[in-house]
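In what follows, structures are represented as structure tokens.
Two complexes follow with subunit A in common, the first pairing it with subunit B and the second with subunit C.
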Partner chain A sequence: MTPVAKGALFVFTAGCLSYIFLKVPAAQGFANPDLARLVTMHLPCAYVALVAAVIAAWHGIAYLRKRDLSSDIKSYVGAKIAFLYCFLTTITGSMFAKVQWGSYWNWDPRQTAVAVLLLVYAAYFTLRASIEDPERRAALSAVYVLFASILTPMLGYVIPTFFIDQSLHPKFAKFDLSYRMAIYPMAIALTWHLVWMFRLSVRAEKVNQAIAELELTSEGGMA
Partner chain B sequence: MWVKETLAIAGKELRTEWRSRVALASLGLFVACSIALVALSTARIPLNGEGGKEIGSQIAAALIWIQVCFASAMGLGRAFVVESERGTMTALRLHTRATAVWAGKFIGNTLLLLGVCVITVPMTCGVLGVTVKHPFALIAVVILAAIGMGAVFTTTGALVAQTSARGGLLAALSFPVLLPAFVSGVDGTLRAIGWRLSASSAFLDTSGGILVQLLSYAVLAIAASLLLFDAIWND
Partner chain C sequence: MKLGPIIASVAIGAALVGAGTAFVKNLTPYITFSEAQKTNGTVQVMGGLEKSSVKMASGNLAFTLVEKKTGTRLPVVFGHTKPANFEMAIEITAIGHWDGSVFQADNLLVKCPSKYQGTETKSYGTK
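Take a look at the complex of A and B:
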């Protein structure tokens, strides 16, 4: 990203945060009306986690179709970012839940679903660590990330929306204009961050793999 | 032709298992030991009376599926590991389509899982003094959950067979993906036992959605596995 784009990202994010902290009104009817503003961070984090999960799955498909190792790197980086944003979604959600419902953890289906996604990505990283051959690692990791991507929306979206009535999350939330004016720009800001992190991490991962290959070649040469 | 190949693989799986009885013996022993531990650990909890029965139902529903998950993680990973250890994978690759291999192994694994359920469900209910009010509903829940779980364990078992760390990896890879089936299985078992359902209420009226969840999960797990297995098998 160019220095101008980085500057623009900084200004835009600072603007979003200023609007959230200075302008968004406290939401009446909540246990702590001031803390309801946390929703404007929680929802964009969940949205970016979903986008990153789709990126991981998309590049998993791309690897299985073209067998290009750079797709595997992109899928891996997507999974790492999805893990980070799932974690942030869990933290912001738990803080909100403690104030609103009295407990950090309520076994709400959506809350549990994000925790399950964290476990899925942890399992994905464990699987990658257990395979040495880069091509086999790429193929099996792509299969696992796709398999989990097909089955986990059941827990995160289908079951809570259509089968469970007692969820603490609203099924189809409707926000006031002042909240929508904070949530949508924040989602754009975090997506911009996602693109930046993604491109940086892909470059770093390619360098890491090149170093690992060089080390392997030099070890082979010495032997 | 595909069906013939699938049935041949499933038949081979069941015959090999019947001859060695390795998975059957280890799973049976695991289930028996875990039920003995449950009996000992709950011996001092008063499970009689209205409150006690409610606690007993909740413990039974959760324990049944915890035992089934752990028993499956112990026994179902062997299907592909055995092929790799015996060096028969190449022969299978040459003579049988990938999806037929998966389907055959899936049938074998699901039957084994159902066998585990046949032991676990009545023994756990018996030990905890739980009476099942809707037995046919419980059978439907067990069959649908076993099909979904069988599909997941077959695919993750194939993944694990290709790695160097086989020990705990099957459970680590399978459990997060299995959670939707696990949650619905526990819910369905609770409703079939009659937890918080008045005697007159029919299971399907109040809990038919759980069967739909389990069925959709099983269909998705089978479809995803059939789509992706070729990439594992021919890699």
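Take a look at the complex of A and C:
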């Protein structure tokens, strides 16, 4: 990103946060109406996790079709960001649960589902770490990440919403204008961050791999 | 057409559906009221709060939960401090055990409202 774009992102994010902290009203009917504003972070995090999962799947498919290792790097970085935002959704949700329900963790259907999802991603990183050959690692990871990407909306949204009757979560929450005006711009801000993070991480990963290759060849030369 | 791959994919598909169904069934920690009344250990039940039933009896909070699907009623007793937003609760999760006549709750969890609406006037410090 150019310095101008970075500045714009900073101003936009600061604007979103200022709006949330200064203008969004406390929500009626909550245990702590002021802290109901947590939802303006919780939902956009879940949304960005889904976007990152789609990016991971997209580049995974691209690898399987073209066998270009740079697609593997992009898919890997996508999965890392998806994992990060699943984790942030879980943390913000857990904080909200303590305030509203009275417990950080109660194995509510969505909590159980997201715990499974985090394990699915953890298994992906374990899978990558366990394979030495870059092409084999890329192919297996690409297939696995498709599976993980399909599970992301399934476990995060579809199953808990449409297949489970009882939950401490509301099924379909309704937001008044002041909340929608916080949630949508926050989702845009986080998506913008995602794009930045994605590009930076892809570059960093490419540099890492180039260094690893150099070290390999120099070791070979010495032997 | 080869028969092998077809049989294999049908078997894999059936296994996935079976595993998926079992997973979804076990995803919820909440059991029905009739199941709770047959179980000795600690269980979780969830139901609508009958507002008119809420009362304080000898320092204990007593109220009735109504099961959504069946309309079954469950008397609940809670011996600790009342949760802050209890009066506004629509649905309650009670964690505890059935003692033969009443559900003894060790913990109460209050479901999230599904509407996010701002208060008309901000009234800080008046609670």
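Definition applied: the second predicted complex is superposed on the first by the 217 of 223 C-alpha atoms of A that agree within 3 Å, B and C clash if a C-alpha of one lies under 4 Å from a C-alpha of the other, contacts with A are read in each partner's own complex, and residues count from 1 in each chain.
To be clear about the criterion, a contact is a pair of C-beta atoms (placed from the backbone, for glycine too) under 8 Å apart; a residue touches a chain by one contact, two chains touch by 3 or more.
In this text, all values refer to a predicted model and were calculated from it rather than measured experimentally.
Because the two structures share subunit A, they can be overlaid on it, and in that overlay subunit B clashes with subunit C. By the touch criterion defined above, A:Ile91 lies against neither subunit B nor subunit C after alignment on the C-alpha atoms of chain A.
Of the two partner chains, neither subunit B nor subunit C is touched by A:Val195.
By the document's definition of touching, of the two partners only subunit B reaches A:Ala148; subunit C does not. Contacts of A:Leu64 after superposition on the shared chain: subunit B is touched, whereas subunit C is not. Shared-chain residue A:Lys174: touches subunit C; no touch with subunit B. Once the two structures are overlaid, the count of subunit A residues touched is higher for C than for its counterpart among subunit B and subunit C. Applying the stated contact rule after C-alpha superposition, one finds that A:Leu17 touches neither subunit B nor subunit C. Contact with subunit C, but none with subunit B, is seen for A:Ala36 once the two complexes are overlaid on the shared chain.
The clash between subunit C and subunit B in the superposition falls on 2-10, which is one of the stretches 2-10, 56-64, 74-82 or 110-118.
Looking at subunit A, you'll find residues 112, 159, 163 touch subunit B in one structure and subunit C in the other. Contacts from subunit A toward subunit B in the complex involve residues 64, 112, 116, 119-120, 122-123, 126-127, 130-132, 135-136, 139-140, 142-144, 146-148, 150-152, 154-155, 158-159, 162-163. Those residues of subunit A whose C-beta lies close enough to touch subunit C in the complex are 24-33, 36, 39, 96, 100-103, 106-109, 112-113, 159-160, 163-176, 178-179.
Listed in rising order, the residues of subunit B touching subunit A in the complex are 152, 155-156, 159, 162-165, 169, 172-173, 175-177, 179-180, 183-184, 209-210, 212-213, 216-217, 220-221, 223-225, 228, 231-232, 235.
Residue ranges of subunit C in contact with subunit A, taken from their complex: 24, 27-30, 44, 46, 68-69, 83-85, 88, 91, 93, 107-119, 122.
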